[in-house]
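In what comes next, chain A is part of two complexes: it sits with chain B in the first one and with chain C in the second one.
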Partner chain A sequence: MQLFANTLVLASTYVLLATGYVVVYRASRVLNLAHGELMMLGGYAFFALVSVTPGQLIVAVPAALLVSFLAGVAVYFAVMRPMAGHPVFSAVLVTVSLGILLRGLVILGWTADIKYPLAVAGYQNAPLHMPGGAVLSGVDLFAIATAGALLLGLWLFFAKSRFGIQMRATAENSRLAAQRGIDIHLVFAVAWGISTFAAGLAGVLYTSSVRLDPEIGVIGLKAFPVALIGGLDSLAGVLPAALLIALLEILAIQYVSPLLSEVVPFLALLLMLCVRPWGLFGTKEEIERV
Partner chain B sequence: MNRAGPYLKTSYADDSALAGTAFLRTWLALLVAAALAFPFVATPLLLDLACRAAIAVVGAHALNLLTGYTGLVSLGHAGLIAAGAFTCAVLVEELKAPFWVAMPSSIVVGALLGLVVGIPSLRIKGLYLALSTLALHFVILYVVGEYQSGRGFATGLLMPRPAVGPFTLSGAKGWYYVLLGVAALTTLFCLNLVRTRPGRAWMAIRDRDVAAAATGVNVTYYKLLAFVVSSALTAFCGSLWAYYNGFVSVEAFNFFMTIEYIAMIVIGGMGSILGSILGALFVTVLPYGIDAAINALPVPARLQTHLFAVKFGAFGLLMALFLVLEPQGLVRIWSRVKTYFELWPFRYPPLKG
Partner chain C sequence: MTQILLKCLLVKCLGYLVLVVTLGFAISAQAQTSEPYKVGMTAAITGGSATSYAPMVEIFRAYISKVNDGGGVNGHPIQVIYEDDRGEPARAGTNSKKLVEQDQVALLVNTSISATYKPMIATARDSKTPLLFGGSVCPEEVFPPADPLLFCTTSFAALFDGDFAVRFIRESTKDKVRLGLALLDIPITRVGINAAETVGKKLGMEITAKVPMPPSVADFTPYASKLKDAGADWVFAWSPWPWEIGPYEALLKLGWQGNYILYGFQPLEAAFARLNKENLYALSGVALLAEGLPELKEIQAVAAKYGVSRIDLEGWVAAVAVHETLKACGWPCSREKLQGAMSGISITVKGVKGGPISWSRDNHFRTEQWYKIYRWDSAKGRPVAAKDWTRVDVAQKLKELK
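Let's look at the complex of A and B:
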C-alpha cells in the first residue's frame, strides 16, 4: 500500500513536469531542456515570496505561479522567438544554455545551500495516515490532487475553450492557423506560459515536500522520458506514462538499488525508442517531421 | 610550364594540397614554431590549460564529425568519454594492463558502443535520436557508477603514468608535446576524413538523407560509420583524459560535460575542423579567463565568492548569444575578418563579368 502511495506521489510530480514538455512540444516542436531549471526557478520564486510574506501561503503560492507563467512568456519572447527559422536543434540547444544560465543566476542570487520554503513559511508537512496503512504527507496529497486538476483543466481548456482550440489549430499547422487570423505568437507565448506554470506548480510542491537547491533541476531530465513514453505530442499519454515510470522506479528502489532507480526512466525510454518511438499515444508521423 | 601564381591550380595534387600557398605555409610554420616554443615561456597553469585544451580538441573533433558533418545529434558525449576513461581504468586496475593495451582497447570499446548507439539512428531521427543518446549517457553512468561503488572505489580509480619500456611519460612539458602531437594528428585525420569519400557521404546525409540515398550513398553504412568513428575518437579522448588526470571518477562525467562539448562545436562553428579547434580552445580557456577578469577588475565580493556560478551563467549566456546571433560560430567571424582585409579598401568582391 505504501508502494502504491509513493508511486502516486512520484507520478504526480512527473505529470506536472511532463505536461510542460508536451504543451511546448505540441506548440512549437521544441523540446525544452531547461524545463527542470524553470521548475527550480519556480521553487526559488516561491522561496523568495514566502520569505517576504511569512505565514501567508495563500499569497505566496499564486504569486509564485504567476511569476512562473510570466517567466515562460518572457522566455518565449526573449529567446525562442529569435530562433524562428533556425534548425530545431539550435532551438533545443538554446534551451540547454538557458538552463545553465538560470542555474548560475540562481546560485548567485540565493547561494547553493539547501532550503526548505515550507518551514520558512511557518508550516509543517505533517504525515497523515491513510486508510490501508499508507503514510502520506499533506503536501503529497495536495500534489496528487493538483496533478489531477491540472490534467483535467488542460483537457477542458484544449477541448472547450476558444483559445484552446486555436492552440490546437496552431499545433496542427501554424502557417495555416496564422492565415486564419490566429495570433500565433500569442499562442506560442501562452504555450510556454502554461508549460512553466505547470513547472512552477511542480517546483512549489516538490520544494515544499522535499528540498530546494540548484540541483533539483535534474528531476526535469527524468520527467522527460515520461513525456516521450506517453507520446511527445499527446497530453493523454502523460498520465499512464507517469504512473508506469513512477511504479517502475519505486519498485527498483524497493527491490534492487536506488542507483538503478535513477536510470529506470532512461532504460524505459531506450526500450520505447526501439519498439515504438512515437510513444504510447503519440502520432506516428511525428518522427518523420522532426 | 609557367604557373600563373599560387591561385591557379593546374593539377589535382595542387588542388588537394592542405597548405597550397606559400602564405599559408609560412603561417602554418610560424604557428607550429609558436606551439613548440610555448612550454618555455608558459607558466605551469597555462601549460596545464594547453594540455586540457588539446584533449578537448580531440573530443570536439569527435562530436563534430557526428553532429557537425553527419547531422546526427548526440547528447551522450560525456557518457562515451566516461566509457573510454573507465575502460582504461578498469583494465589497469583489474588486469594491470599497460597503457598500450588499455588505450587501444578503450578505442575498440568506443567503436562497439558507437555501433550500439548507431543502430537506433537507422530508425529514428533528429530529436528522438538525441534522446536515445541521452538515455545511453545515463545508462553508461549507471553501469560505471555501480562498478565503482560495488568494487569499493568510492572515491575513484587511480591511473598510473603511461609507460613504454623504460620510458615513462611525466612532467608538464612531456605531456604537452605528446598531447599537442595527438591533437595535431587527430586534426589531420579528421581533415582527411571529411574531404574524402566518407566525409562527402556524411555531408550529403546531413543535407538531405533521401537525396543522398538517391545519388548512391549507402546511408545505413555511412551513418553507422559516423557513429563508430566518432565514438572511437570519443573513447580515445576519454582515455587521454584518464591518463592525463591520473584519476577517474564517475562524478566528472555529468551532463554538464556533454553541454561543454556541444558548446565547443556550436561556438566554434558546426561542420568545420577549424571551428572545433577554436571552440575547444575557447571553452577550455573561458573559465580561466573569467577568473583572471574577476581578479583584475573591482567587482562586488558576492561575485568572487560565487565564481563557479558566474562561470556557469557566463557559459550559458555566451552559448545562447552565439546560437541566436552567430549560428556558424567563431569560424564565421574569422572568415568575415579575413574577407574584410582581403577586400580592403573595398567592401564587396568585384562583380564577376
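Let's look at the complex of A and C:
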C-alpha cells in the first residue's frame, strides 16, 4: 500500500511539471529547458511571501502562484516573443540561458542557503495514516489532489472555454488563427503563464515537502521523460506517463537498486522512442525526421 | 603647584595618547602597504555545492579581514585571492594554475568538492606549492604517509566519521542494533558508509539496508520507505547535507520511530530547531554556535562586524590554520619554507574544536581527531551533548580500519 501511495505522490510531482512542458510545446513548439528553474522561482516566490505573511498560507500560496503565472507571461514577452521568426532551436537555447540567469539571480537575492518555506509559515508536514496502512503527509495529499485538479481544470479550460478553444486553434495553426482574429501573442503569453503556474504549483509543493535551494531546478529535468513518453503535444498523455514512470522508479528503488531510479525514466523513454516516437498520446504528424 | 603638576600630567597623557595612536596607525598602515602574504583559494562559491561551501568562504574572509585590520602577520597583510570553481574540476584546474603562475601565491586553499582535487593537486605538485584542504573533505593523500605538499583542516573524514558514529550507536543501545545506511552515491561517501558497514558488522549489528541515492531526488520518501521496510531502528547517513537530512525528514513523514545519526554540517543547528525531534543525533568535529561559549560569541561578533550572515566554523578553522602557518613561516615566506613550517605545526582553535590540529612530517591530516555528538533537547529548546568531546588516535585508528 505504501508503494502505491509513494507512486501517487511522485506521479503528482511529475504531472505538475510535465503539464508545463506540454502546454508550452503545444502552443509554441518550444521545449522549455528552463522549466525546472521556473519551478524553483515559484518556490522562492512562495518563500518570500510566507516570510512577509507568516502563518497566512491562504495568502502566500495564491500570491506565489500569481507571481509564477505573471513570470511566465513576462518570459514570453521579454524573451520568447523577440525570438519569433528565428529557428525553434534558437528559442530552446534561449530557455537554457534563461535557466542559468534565473539561478544566478536567485543566488544573488537569497544566497545558496537551504530554506524551508513551510517552517517559516509555522506549519509542520505531519504524517497522516491512511486506510490500508500507508502513511502520507499533509503536503503529499495536497500534491495528489492538486495534480488531479490541475489536469481537470486544464481539460475544462481547453474543452469548454472560448479562450481555451482559441488556444487549441492557435496550437493547430497559428497563422490561420491569427487571420481569424485571434490574438496569438496573448495566446502564447497565456500558455507560458499556465506553464509557469503549473511549475509554481510544483515549486510550492516540493519546497514544502523537501527543501528550497537554487539547485532544485534539476528536478524539472526528471519530468522531461514523462512529457515525451506521454506525447509532447498531449495533455492526455501526462497522467498515464507520470504514473508509469513513477511506478517504474519506485519498483526499481524497492526491488532492484535505488540507483536505477535515475536511469529507469530514460530507459523507458528510449524504449518509447524506438517503438512509438510520438509518445503514448502524441500526434504522429508532429515528429520530424532528423 | 598642584595645577602645574596636573598640567604636566595632562600634557604627558596627551603625549602618550598621540604616540599610541600614531604607532597604531603606523603598524596598521605598514600592514596595509607592505608586501602581502599571497594565498589563493578556489572554492565552490556558486553552483550546486555552494550551499555547503559558500558559508565557509564567508567566515574565512571575515577572519582574514580581522587579522589584516589588526596589523597582519609579522607586519605583512594576508592577501587572499578568491576564485570560484562552481565545484567543477576544469574551473578548479584553471583557477589553481592562474593562482600559482600569475598571482604567485605561496599557499593554495581548496574549499570545494572532491571532484576538483585532481587538477589542483597536479598544479600544486608541478609548482611545489603547499595545498590546504580547508572545509573540503580530506583526501587520502594527507593521511600517513602524507604527500609533502598536501594538508587538511577539515573535521569530517569518511573513514573516521563512520567508525565513530557506529561505535556511538553500539554504546548507546543495549539491544541488537538493526542499522540502515543512507548515502548520496559518490566515491567519498561510499568510503564513509562502507567503513560504517564494516565496523557495524564487527560490533554485531545487523545491516538491514544500504540505500544509495542519486544526485537528483524528486522525493526522498521511496528511499526512506526502503529503510523503514527493512526494519532499521538506527540509520546512519554520511553525505552532503540534503542527502543526509532528506531521508530523515521522509522517515519522519512515514511515522518512523527509530534513531538517526548524521554528520552535523552547518545547516544542522537550524534543522535541530526546525524539526524539534529528539531522535536526531549529529556527530561533529566543531562545536555548535548554540553552545554559546565565549570563543564562539567572539566569532559571531567578527562575523557581524564583517557582514557575514552564515557561519560555518570549518571556514574559521581553515583561516586560523592559514594565519598560524604564515606566522610560523616568517618573512619572507617562500613556498618551500611554508611547506616546512606546516609540516610540524600544531593549531589550536579554542572553543571550536575538542583538541589541536597537529601535523607531523608524515601525517598532514592530524595526529588526533576529536568528535562530539549532539542531539536536540526539546525541553531545553537547544542542542545538548549526547557524547562529549572524545579523542581518536589517528595512527591507531588507521591501523584498525585498514
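The rule we apply is simple: the second predicted complex is superposed on the first by the 288 of 290 C-alpha atoms of A that agree within 3 Å, B and C clash if a C-alpha of one lies under 4 Å from a C-alpha of the other, contacts with A are read in each partner's own complex, and residues count from 1 in each chain.
In this section, a residue touches a chain if its C-beta (ideal position, glycine included) is under 8 Å from a C-beta of that chain, and two chains touch if they have at least 3 such contacts.
Keep in mind it's a predicted model, so treat the numbers as computed, not measured.
J.: Pick one for A:137: touches chain B only (first), chain C only (second), both, or neither.
T.: second
J.: Of the partners chain B and chain C, which touch A:62 in the superposed model: first, second, both, neither?
T.: Neither partner.
J.: Examine A:107 and indicate which partner it touches, taking first as chain B and second as chain C; both and neither are also allowed.
T.: Both partners, chain B and chain C.
J.: Where does A:54 make contact in the superposed view: on chain B (first), on chain C (second), on both, or on neither?
T.: neither
J.: In the superposed arrangement, does A:221 touch chain B (first), chain C (second), both or neither?
T.: In the superposition, A:221 contacts both chain B and chain C.
J.: Just checking: does A:88 make contact with chain B only, chain C only, both, or neither of them? Give me first, second, both or neither.
T.: A:88 contacts chain B only, not chain C.
J.: Would you check which partner chain A:266 touches, where first means chain B only, second means chain C only, and both and neither mean what they say?
T.: A:266 sits against chain B, while chain C stays out of touch.
J.: Applying the touch criterion given at the start, work out whether A:122 contacts chain B, chain C, both or neither, answering first, second, both or neither.
T.: Touch partners of A:122: none, neither chain B nor chain C.
J.: Can you give me the overlap between the chain B contact set and the chain C contact set on chain A?
T.: Residues common to the chain A contacts of chain C and of chain B are 104, 107, 111-112, 221, 257, 259, 262, listed in rising order.
J.: In the complex, go through chain A and note every residue touching chain C.
T.: 2-3, 6, 9-10, 13-14, 104, 107, 111-114, 116, 119, 125, 127, 129, 135-137, 140, 206, 209-211, 213-215, 218-219, 221-222, 249-250, 253-254, 257-259, 261-262
J.: For chain C, which residues count as touching chain A in their complex?
T.: Those in contact with chain A are residues 46, 48, 50-51, 54-55, 185, 211-223, 225-226, 229, 241-242, 245-246, 249, 252-255, 267, 274, 309-310.
J.: Which of the residues in chain B come into contact with chain A in the complex?
T.: 73, 120, 123-128, 130-132, 134-136, 138-139, 141-142, 145-146, 149, 255-256, 259, 262-263, 266, 302-303, 306, 308-320, 323-324, 327
J.: Quick check: in the complex, which residue numbers of chain A touch chain B?
T.: Touching chain B from chain A are residues 31, 79, 82-83, 86, 88-90, 92-94, 96-108, 111-112, 221, 224-225, 228, 257, 259-260, 262-263, 266-267, 269-270, 273-274, 277, 287-288, 290.
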